[in-house]
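Step one of this worksheet: look at the structure below.
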Amino acid sequence: MSRVVTFGELLLRLSPPSHLRLTQARSFDLYYGCAEANVAASLSKFGVSVKFITAVPDNELGESSLSMLRSFGVEPISFIQGKRLGIYYFEQGASERPGKVVYDREDSSFSTLKKGMINWEDAFKDADWFHWSGITPSLTLELAEICEEALTVASRMGLTISADLNFRPTLWKYGKKANEIMPNLVQYCDFLLGGADESENVLGITVEENATREEIYTKWMEKFPKLKNIVSTRRIKANASSNGLNAVFWDGKKLYRSQKYYVSHIIDRIGAGDAFMAGIIYGMITWPEDHQMALEFAVAATCLKHSISGDINLATVNEIKALMEGSGGGRVSR
Amino acid sequence: MSRVVTFGELLLRLSPPSHLRLTQARSFDLYYGCAEANVAASLSKFGVSVKFITAVPDNELGESSLSMLRSFGVEPISFIQGKRLGIYYFEQGASERPGKVVYDREDSSFSTLKKGMINWEDAFKDADWFHWSGITPSLTLELAEICEEALTVASRMGLTISADLNFRPTLWKYGKKANEIMPNLVQYCDFLLGGADESENVLGITVEENATREEIYTKWMEKFPKLKNIVSTRRIKANASSNGLNAVFWDGKKLYRSQKYYVSHIIDRIGAGDAFMAGIIYGMITWPEDHQMALEFAVAATCLKHSISGDINLATVNEIKALMEGSGGGRVSR
Amino acid sequence: MSRVVTFGELLLRLSPPSHLRLTQARSFDLYYGCAEANVAASLSKFGVSVKFITAVPDNELGESSLSMLRSFGVEPISFIQGKRLGIYYFEQGASERPGKVVYDREDSSFSTLKKGMINWEDAFKDADWFHWSGITPSLTLELAEICEEALTVASRMGLTISADLNFRPTLWKYGKKANEIMPNLVQYCDFLLGGADESENVLGITVEENATREEIYTKWMEKFPKLKNIVSTRRIKANASSNGLNAVFWDGKKLYRSQKYYVSHIIDRIGAGDAFMAGIIYGMITWPEDHQMALEFAVAATCLKHSISGDINLATVNEIKALMEGSGGGRVSR
Amino acid sequence: MSRVVTFGELLLRLSPPSHLRLTQARSFDLYYGCAEANVAASLSKFGVSVKFITAVPDNELGESSLSMLRSFGVEPISFIQGKRLGIYYFEQGASERPGKVVYDREDSSFSTLKKGMINWEDAFKDADWFHWSGITPSLTLELAEICEEALTVASRMGLTISADLNFRPTLWKYGKKANEIMPNLVQYCDFLLGGADESENVLGITVEENATREEIYTKWMEKFPKLKNIVSTRRIKANASSNGLNAVFWDGKKLYRSQKYYVSHIIDRIGAGDAFMAGIIYGMITWPEDHQMALEFAVAATCLKHSISGDINLATVNEIKALMEGSGGGRVSR
Amino acid sequence: MSRVVTFGELLLRLSPPSHLRLTQARSFDLYYGCAEANVAASLSKFGVSVKFITAVPDNELGESSLSMLRSFGVEPISFIQGKRLGIYYFEQGASERPGKVVYDREDSSFSTLKKGMINWEDAFKDADWFHWSGITPSLTLELAEICEEALTVASRMGLTISADLNFRPTLWKYGKKANEIMPNLVQYCDFLLGGADESENVLGITVEENATREEIYTKWMEKFPKLKNIVSTRRIKANASSNGLNAVFWDGKKLYRSQKYYVSHIIDRIGAGDAFMAGIIYGMITWPEDHQMALEFAVAATCLKHSISGDINLATVNEIKALMEGSGGGRVSR
Amino acid sequence: MSRVVTFGELLLRLSPPSHLRLTQARSFDLYYGCAEANVAASLSKFGVSVKFITAVPDNELGESSLSMLRSFGVEPISFIQGKRLGIYYFEQGASERPGKVVYDREDSSFSTLKKGMINWEDAFKDADWFHWSGITPSLTLELAEICEEALTVASRMGLTISADLNFRPTLWKYGKKANEIMPNLVQYCDFLLGGADESENVLGITVEENATREEIYTKWMEKFPKLKNIVSTRRIKANASSNGLNAVFWDGKKLYRSQKYYVSHIIDRIGAGDAFMAGIIYGMITWPEDHQMALEFAVAATCLKHSISGDINLATVNEIKALMEGSGGGRVSR
């Protein structure tokens, strides 16, 4: 089976239970996760062998975040350094009240990583896929440079490289804009998750207002010739409790469109993009020639993620396939 | 008032709270119930006098399951024997993620019941209705035979006999198929809850693919001449969080159709069929000549059950009537 | 900034968690609030300076109810007397099962207030708005008379006076009908929240069955010449879990209609009217000339309240404005 | 087996979880119980057949309180009348912070009972023991008179009559002192639970400061010649989390002293006296000639009650006997 | 009544429930507090008028921390600035497993306060007591300098000044030792809470190993001539679940010794010192001439704090007095 | 570092929260563990590399039990077969109410293991210690034979072999007595945890009533010449909430006695023996020559276990050493 390596930060998520607002909370439910870790855990649950490279502090929070990954079978390679695990407070939304994230992740252990610390050759040994996301280079300039370190090694060692652009405007605070940093990193990628609204902001590629996705992605591939596939997801008629979902896959020639799902009662939408990313990586590994199949698997995975608490998609391959084959939530499985 | 006797197994249900998955659970909410017990408790809540015959182990779980029934006013007649109370783990579904039942009910106290143990004459004294379901004969051959014991006595003593076919393919494990056992038992019944998809599998009656319900039920009544009424329910546009609901009642001549309800936010759909069954028994007792009324009562009862946690319908007669009369959930009752 | 004074009772609300029914409860979640207090807390959260006049017993429940108000920045002026804090038990509804209120509020400390106890001149010093509701005069005749005391002083001191008719038939138990008491109090009001169905019962004004709201409100203004504005809200296609919402504002000349919201997943609808009332008072203070704006603010406020547990609207001015401007619940706010 | 009848009020108890103070509570744990009901439930758990006569309101709280009793196998005979179930708030103490009860029980359904309502002859048919406590006559004069009604009938029908003096000074509010009412009722009793400090206040019997218990109880028996046995319990070196415990039994000739227990970690001390009372009634029924045995059973029962949450002793006969025989808490029972 | 001003940081405390370890936590209970805020809230609960000066971030956590203070009646004067509220994770200990604090408080809003920001003249207007602790100057050099700002103004305006040395070695990280900073601040104080082990480390005063407290405190008063009173507390035979407690008060002439309490079951020992501090301030205000009385009040206050969850002492003046008068936890208060 | 292999069953433990009795439970807290698994997890937490061999069913419970082990870094080698995970219900005791275990573990996946299934050579490759307990051979005769399989291979490959006799009379149900099976297995052991009361029942070695431990253990070593060390623990003055603790270590020549600890507030005593076992294995590996040191480590480990919820000791090497060095629970660690 393939081996995937991911690299990123683990955060502690603190959420009031039962749809309470942050100001009402007397207790917080506690999850560990974040973009790339969510991808790693979901892939491991699919049966893929995964390493996750990170840094956590030498305290109970750091230890617990790694235990969580281990419980999924992910092998963490973690530097134990720095003084704190980053936090985000998350208030679940409902109906027309949007969910709310309050970040408290600065000065984390992960942000103390320095160039040269990580032995990328070792990390990538026996691996054939490297996944990263736009969160990491948004945190510090050094982390952006570490990404480049990783990408040059991964590239040289012949790994397939995927990225989720994951643009969070409020995170880019160290003086550089996303589109000053990201294009240099995206050039190494074979596979991209990104939407039209990230074209200018993240990739520095201006697109016309009414450009089709085919046109946009064609431009992206022109700028980044190594890119082979681009995917993106779309929410439809969304409020905080329900939305439609579908996705597209562009392979440079054809735009594959997934079936559409309607998520009528969202349990937790955090990590939906990561669930999609894990799904599409699994799909590419499993059905490398069948892009429609890979896409359908990924969008069904993200559909199920909306029904699962926490950052990580706990849906199994069999559950996702059952949904793809039309067996939705209407019958109790006995 | 009428007296109803039911016979069946009590299970312990263990469910993670707050829509968590089984693999996420750090605690389980705990309910006691199962098909016939749910019918018994609901009927008792409607004011009907009910006995429930079962067997439980001599431990705290057995004791608690009987206490639960007593709290509803049901009179349990229980053998205290065997070594364990059966369990089922239940994971609530959401949207397109189906609910999931994991059974761990083998070797239960109930399954140690033997022919000749139960004094059915005593049990049925002063009673006028006996209800059983297809769960019991699915568990062991001996239990199937005990059902027959009960049915012959109930028949002889002139009780009205109802059954819920309740086909669960995964339960029939002792070497007999449902349709090798059930027809022999159904022949004693006056009243049946069963759907078209159970015709072949449970009753051994082949029906044409496009047969109407009138046609199917006519065939059933031909095979089982004692049968007077057949009812069945239908879910419409269902996912794990919402569905439409209606039901039909066949009296050999006419197919009564209930109004249709839309359950937009399911709290717990386990026991929905049992809620219907209790509703229709109550309806038959209360309005023996008005099948439409009985049917409407039963379908409104099952509609309300979907809004109630646990296996047992806690809706009162007044609440069900209010819904039948058009007063739905839109106004707070003060 | 304006200063608002409100007057009313604080109740302890006891609700089973997780949509459990009252008969299933092993614990109650606990909130303090009630009509006018909810208005006070919401206004204080909007940044308005608010006093709340009440009476509570000399025990931990009384103390906690005042602490709750103080936590919002409301200044309580409370008589510490009498023997108990009123209670209401609240069972959350779901789908077609309506929410249910069981009152246990008789003989409360608030109902021991006597005429002459409250120094209304002091209370209204520096204030420019007085708000009361139809709950208070429904409780005891003495409280109705205290309302009149307050209204004559407020009137004389030139405060704007608003009332929420808030008709609860089950509360009027002391021998007078609402329409024997309320008209005498409504005559002092500048601003009214009330619906067509309250015309006869509360105001003693008979209206024709097909009368338009313009016609009804015109009649009201004829009877109560001090009245300048009337507002009312409407639920559309409601069950206990979802409903549409809109509202109207009548200024004697024009009927302003708000945009319509659809609340697809109600978390808690108690206090929705109070949220609207707080919103419209804030709107009148902030945009005294722009009735459409005030109305839109109020209806967006009540829309958000449906997504918030407890009696009190915790939505901020910014959150309400964001919703008015079209930014609903579909995106996580980071 | 003997049949016991008890008569008294059912209260709703509301307690913050986890030793929180009332002012910190965001939720209340909920129990139903009170003096005589606790005795009834414990006796039923011991296998004694018990009826409980009471009145509750026609709402969910009333229904739930009766369901609780039924779950123990107690047969409630309840008038459904009046407007509320009485409440007491209970704050668990810890170490030097005493537990705290805040009563809110006035105007309860039970206090609306009237003389002549209860058919005592029916109630006592087939019974041989009647138990009441000093709580009931403290509530209203009418209830005191109903007690006398019951006592004359029970006396005439030859039942053994027991009472727990249960003096709560704060409850006697209707204008009579306990010692103006209670002696008239105690004269019917065969069996009494009462301590030296209740002699003057409850029975109107002045005792010298240094009187021994033998001397005090001799005086009691002189005043109440029907009295055959008197018991009392004592806490030793008590704080809110731990205390020693023992008890005495006076049969007019000899003072039996129980062994002493040390309760090192109190879980809940509410109902400890009721657990003792149930224990001694069970003991008197089971070992009518062996007062030491009955006493040891009762004090071991109350010792175990301290380890059990809620008002009701859930210890079984076997568990109590095991403790009497020296098998304390030091070994896990497997 | 006196007016007290305190100055310090508000922290968010996150604790696993039910004695779970941090690595086991699936949820955190949430409290807001810290040294000086705990003193402020307790004093306010005693009826003293209190202002609390601090800085919190412009988010829900900051808002909630201020709401908590307001709920006690404390008037917060808060700068809304900086990016985060400091956190400490707290694991309750048990028996021989010590409680554990993991700080994550660096870079908090409070630590962004700058000299000159706070208008101390305004803050101290109408006040007569200023309290601070050694936590604040341990955080940043700027905060130490702000303390001096405050102290010079308070001194000039004639306020009584108290300090709790509160030495936490792990907090002093900015390059200065406590005894390089604290003496300069302590010189302004009238009243000190400090133990012998802080003499060298905090005050730079070397004491002989066997020095009596009289000798030590005499040395302190020599170095800081403004000091009038010194108090300190002592734990005896402590493990994480129980300890004895007493305290001393030195007025330059006489060493007053409090009675000794034994806390047999600790609920929460965080804030015990702050409870003592609030008690002694209240005592000094109420019984300025009776040092024994003030001391007994303070030590009884801290005894009760050990029975209360969270950082803040919720004991009332009456409860503390009852304990002082010998009425401990052994009786339920009704 | 050494590598340890353990072999045994994983159970699901279901416990009511907050000291509730099993019959009161509305929810169960959920832990996975059992004798040998607890040893494995604790050793892994100490930094030892551990494999655990077991069998679990192909469902969510089986998956979760393995995830738990992985989260500690243990490498599970599990057969996925059979139909159920064994369960035990555990009711926490308090004071004189003993804790209670209700087993429901028959017919588990583990009990379906057959001889020849496990490749012991592979399992023991690179390992130097094998640990098993008397639980496994008590379950089925086949499991006893599998133990012998393992022991012969481990013996041949030169691993150190340890066993915990762990005598549970209620488990030996397949027709053999413990002392018919265990001696044959114990003969392979180098290291034993067992008490005097197991001599006759488990090892078939009769000892005189007043025999010293030296005498008893000498007899054991005579019968089992491979045995090098024997340890045992003792509880002193135990009730369900507190006990003293100490232990001894016999090396054939000298009886080492540990210091004594007093656990004043037990949080959870399940797994105390397993915590000791893990401690002594760690001690033997770390200080092979210093038996006193190893013993002190083990007894301090078990002391801390009593303060930790669940079956598994979460104390770290540093925490245990701190306790050994006298730093108990009296100070908060910051």
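Per-chain residue numbering starts at 1, and chain names A, B, C, D, E and F are given in the order in which the chains are listed.
We take it that contacts are C-beta pairs under 8 Å (C-beta built on N, C-alpha and C of every residue); 3 or more make two chains touch, one makes a residue touch a chain.
Here the structure is a predicted model, which is why all the values come from computation and not from measurement.
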Problem - Co-neighbours of chain E and chain C - touch as defined - result: A, D
Problem - Chains contacting each of chain B and chain F, listed by label - result: A, D
Problem - Shared interface numbering between chain C and chain A [over half = same, under half = different] - result: different
Handout entry: Averaged-CA centre spacing for the pair chain E and chain A, given as whole angstrom
Key = 45
Handout entry: Whole-Å gap separating chain A and chain D, where each centre is the average of the chain's CA atoms
Key = 62
Practice task
Indicate the residues of chain D shared as contacts by at least two other chains.
Solution key: 17-18, 21, 23, 26, 67, 265
Handout entry: Pairs of chains satisfying the touch condition
Key = A-B, A-C, A-E, A-F, B-C, B-D, B-F, C-D, C-E, D-E, D-F, E-F
Practice task
Spell out the residues on chain B that touch chain D in their complex, using ranges where they run on.
Solution key: 67-68, 70-73
Handout entry: Footprint of chain F on chain D - complex, ascending
Key = 17-18, 261, 263-267, 303-304, 306-310, 314-315, 319, 323, 327-334
Completion exercise
Residue set of chain B touching chain A in the complex reads 18-21, 23-24, 93-101, 103, 168, 170, 235, 238-243, 265, 269-270
Practice task
Using the touch definition up top, name the residues of chain F that touch chain B in the complex.
Solution key: 14, 17, 21-23, 25-30, 59-61, 63-64, 67, 83-84, 87, 89, 91, 102, 104, 106-107
